[in-house]
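Below you'll find the structures, each written out as structure tokens.
Each of the two complexes below includes chain A, the first together with chain B, the second together with chain C.
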Partner chain A sequence: MKREPFFWISVSCGIVIMAFILLPLIQMMSAPSAGMLKETIQDKDVVRSIWLSIYTAGLAALISFVFGTPLAYLLARHDFRGKRLVEGIIDLPIAIPHPVVGIAILSVAGKNHWFGQILAELGVRIMGSVTGIVTVLTFVGIPFYLNATKAGFEAISPRLEKVSRSLGASMFSTFARITFPLAWRSMLIGIIMCSARAISEFGAVVIVAYHPMIAPVLIYERFEAYGLKYSQPVAVWLVSISLILFLLLRILTLHKVEEQ
Partner chain B sequence: MRETHFFKWIGFMALAMILLLPQGNVRAEVSGKVIIFNAGSLTMPLAQMEKEFEATYPGVDVLREAAGSQQCARKIIDLKKPCDIMASADYKVIDKLLIPNYADWNIRFATNQLVLCYTDKSKYAGEVKAKNWYEILARKGVIWGHSDPNLDPCGYRALMVLQLAEKYYKIPGLYKRLIANRPKENIRPKSVELVSLLQTGNMDYAWEYLSVAVQHGLKYTLLPDEINLGNYQFDTFYSQAVVKVTGKKPGTFMDMKGGSVTYGVTMVKDAPNREAAIAFLKYMLDPQGGLKILKDQGQPPFIPCRVPTKAMKSSLPKPLQNLVEVRD
Partner chain C sequence: MIAIRGLDIDLRDFHLRDVDLEIAENEFFILMGPTGAGKTVLLEAIVGLVPIKSGKIYIGGKDITGLPPEKRGISIVYQDYALFPHLTVRDNITYGLHFHKIGKRKAQERLAQLIEVLNLSHLQHRLPANLSGGEKQRVSVARALMVEPKVLLLDEPLSALDPRFREEVRGALKRLHRTSNITFLMVTHDFAEALSLAGRAAVMNNGRIEQIGEIEDIFKRPNSAFVADFVGMKNLFSAEFRGTKALVSGLEIELGVTPVNSHGYIAIRPEDIVISRRRFSSSMRNSFPAVVTAIIDQGFYYEVRVQSGEVAFASLITKSSLIDLKLRETADVVISFKAASIHFF
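What follows is the complex of A and B.
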């Protein structure tokens, strides 16, 4: 069969995009020598910052999961006045420039704001703390979780749930036994998207918390203080470790689906 | 039929894009972009200078990129980012990192001094004075900070002020006591970033340059000349302060010795737009031009500007030579 020109246009666009994404990444990943990489991963500060990155991004995803799932379900199943508005608000964190996110969070957390005063009385500190980092990462990550999960719920026919309810199952039990087993894959994708977004955040975090340093902040600090040579290896480690984690999650998901 | 239309359209778009690409330096007179990497503390005066300069030279577009002074140098050395002019909050950064490979000369054009900034919402804002500031900074519950000494000259200078205060007020152990009351979390990469922490009430006191305090309308306490790093006549006293900052690779350190706050500016050797950069420098270093703006914004300029040696003066571009004097 003769391919139409449109096919070839699509293929060449695809190749251009692949090269566009991969070329700089490959250049960065292959720049540091093996010796430098080894030296870097033995550096306690590096290990600590990568661990902090993974752990705070994971927490952000967990918080999004706990608080986001009910909202995603609500949005997928119900129509109400102002739903569009709610959906627009959910997408806001994607559109706001990152430093603005940081400043906005700090301005609510400071003494000049009533909310900040409550936090201070409770002994919660946002500036320069792990709490602050998780707050920022949740802020930037939660839209990705909500959108992926909502799409997952929307793809399940409400009739299945109605059948379950009509046979006497409670709302919770319907969710646990019908909806969740069908939607968990989208939820997992949502968690991956959310933590991927969180692990890459820099601009907002550096304003809220410079110390303790997450990996992107450490990469920035290394770059400024010592130059490219010492920041690239940290970047390589962060990218490799997160890639492996996300790949593992993906493989896990695909595997389970084939079994089903 | 549809497809030929489609291809015609693509061809048209490609042609349009080629025509819209920048045409490079076609004209000989001063025009085009002038790229300036500048220390964060110079952002506001340079913005004003840009406005005035572009009014006289409508063909020139001044592009400013503010960062810590060290980072400015890194962008030139490591990232090879094109840059015409680099203005640093510490002239030593240019001497150490850019000369001789990336620049030939270094003009000292302004001074500044360190002040302790706060707002009316800061803890103990009512009682802070030049006489008791160090006592307030040592109090529990007072959140104060400075910028990262490894990245920003304002950061190590703040530490120097604290060390000099110990000597000047004759209170042994003051430096240690103050640092113990400043958790690492209160450090920020650039001093200007501390301003928003003050304004949002996340921080009570922050070390800034006087000019930054004036430009941002903050309250501030002026310190005696012996410790504010603003008067080069006290350079010998200042040199007693020594701060350890990170060296060339992680885990190594070097000592920074105290000295007066002196700003330096240079033109990068392979500046993409030499003529326009020289025109800008000529305006910037003119007592009626840029230097006047600096003065108005709390950043006392050197009139005239200074270079350390005769040889350096003669290596300057001709139009700049009569704007500087040789002075150590």
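What follows is the complex of A and C.
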């Protein structure tokens, strides 16, 4: 069959975009030599920063899971005045420039703000601390968890829950036996998206906490101080480790899907 | 068994107004009405899934208005089955046992009985995704009855099914109703279903109940223009079945096949009844002399009412045939219809 020109234009654009995304990544991933990669991973600073990146992002995802799940459920199941507004507010962190996020968080956490004073009283420090990093990462990551999980809940017919109630199950039992088993895959995707977003955050973190150094900050520092060649291996390790983690999570979920 | 008094419900874009309804124990009651009339809302209010503004709901004399759904002992079956997709057929059926104190022995017996009556034994370990519509609905009915509810609510349980599965599920419902003490309340807009299953029915419109009564009464004596138009089945007669024939007040009507029951109803759509001036030979097995009693202009069509013996028929014809036949009141005509266009139940 003879294809229309439109088809070939679409295909060409697709190829350009694929190349645009893949070429820099492949170049970066293949640039450092094996020896250099080995040397880098033996560098304690590198290991520490990657580990910090992963567990702060993980904590941000955990916090999103605990506090975000009930809100996602509420939004999926109930119509109320101002729901659109709430949904808009949830998407705000995606739209705000990253350094602005850092500045905004610092402006509430500082000594000049009543909230910052309460935090200081409680001995919680945001500026230059792991707590600060987790706060920022949760801020930028939670919309992704909320949206994925909300979509997951919306995909479950409310009738299943209604039938469950009519058969004698309380709302909590219904959630545990029906809603959660059907939604956990979406929740996991939400967790992956939330932590992927968190791991990639640089602009907001660098304002709130340059030290302790997360991997993107370390990569930036090495780039500034030593140049491209020395930042690349750290980047390769960060990307590889995150990708492997996400891939593992995905495989785990897909595996379960097939079982069912 | 179910008594509803002065029920008012306000939802965002829907209102249920002043619903009063009384359904006796072990009755099979039908709720009819057009889409958006509030039938599902009424069912869900009885289960406790919809907040009500005012009014009371009693089950077996007990006021359950304030109880949460799980404490009411009312099961519901939906048109779309609402089976739990992650549980096997067996786990779906026994789901309610987690929350009910039913002895293990008794539960086993009950499960075995439901599985047998609903013919589910070969499906027990399958997931709902691998079942046909009829199978799904049988599972959903079994799940609803497993917890021994006082009332079973059915929201158009047969509408989504293929005709061949519809018959089998309908038969199962009839059997289950006959052999249990459970009160059935079913929403349907299929009149054949209503007639074959239930004794009494209510017709709803715009969040109100328009008419309550024996189903035959609703068909024959609609109390409002809305009900008359809604039931719209003009040629409905109770009949005795003898072999392949139906006897309707002295008329012997050929059905072509033998019904299972000895008595029931037959219905013929007005457009399936052909009017002619004299008997003509055709493939139509039923032909009766009649007298025109009324001619009503309905826009594109004319409704011609005729009387044949004691039986009154209504027929729809076009304006040109009306002119061709030179029809007028008191004219002698012959009405004919095919055996295949007769619905019986």
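Rule of thumb we're sticking to: the second predicted complex is superposed on the first by the 247 of 260 C-alpha atoms of A that agree within 3 Å, B and C clash if a C-alpha of one lies under 4 Å from a C-alpha of the other, contacts with A are read in each partner's own complex, and residues count from 1 in each chain.
Here, contacts are C-beta pairs under 8 Å (C-beta built on N, C-alpha and C of every residue); 3 or more make two chains touch, one makes a residue touch a chain.
A quick note: this is a predicted structure, and the numbers were derived from the prediction, not measured.
Of the two partner chains placed by superposition, only chain C is touched by A:165; chain B is not. When the two complexes are overlaid, the chain among chain B and chain C that reaches more residues of chain A is B.
By the touch criterion defined above, A:182 reaches chain C but does not reach chain B. Touch criterion met: A:128 reaches chain B, while chain C stays clear of it.
Using the contact criterion defined above for the overlaid structures, shared-chain residue A:211 touches chain B, although it does not reach chain C.
In the superposition on chain A, A:77 makes contact with neither chain B nor chain C. Contacts of A:98 after superposition on the shared chain: neither chain B nor chain C is touched. Annotation: chain A has no residue touching chain B in one complex and chain C in the other. Those residues of chain B that touch chain A in the complex are listed here as 3, 68, 70-71, 74, 77-79, 121, 148, 150-151, 183-189, 193, 196-197, 199-203, 246, 248-251.
Across the interface of their complex, chain A is touched by residues 12, 44, 47-49, 68-70, 72, 74-76, 78, 80, 82, 84-86, 95-96, 98-100, 127, 143-144, 147 of chain C. Partner chain C is touched in their complex by these residues of chain A: 79, 157, 159-160, 162-170, 173, 177-178, 181-182, 260. Residues of chain A that touch chain B in their complex: 5-6, 43, 45, 103, 106-107, 109-113, 116, 126-129, 206-207, 209-212, 220-230.
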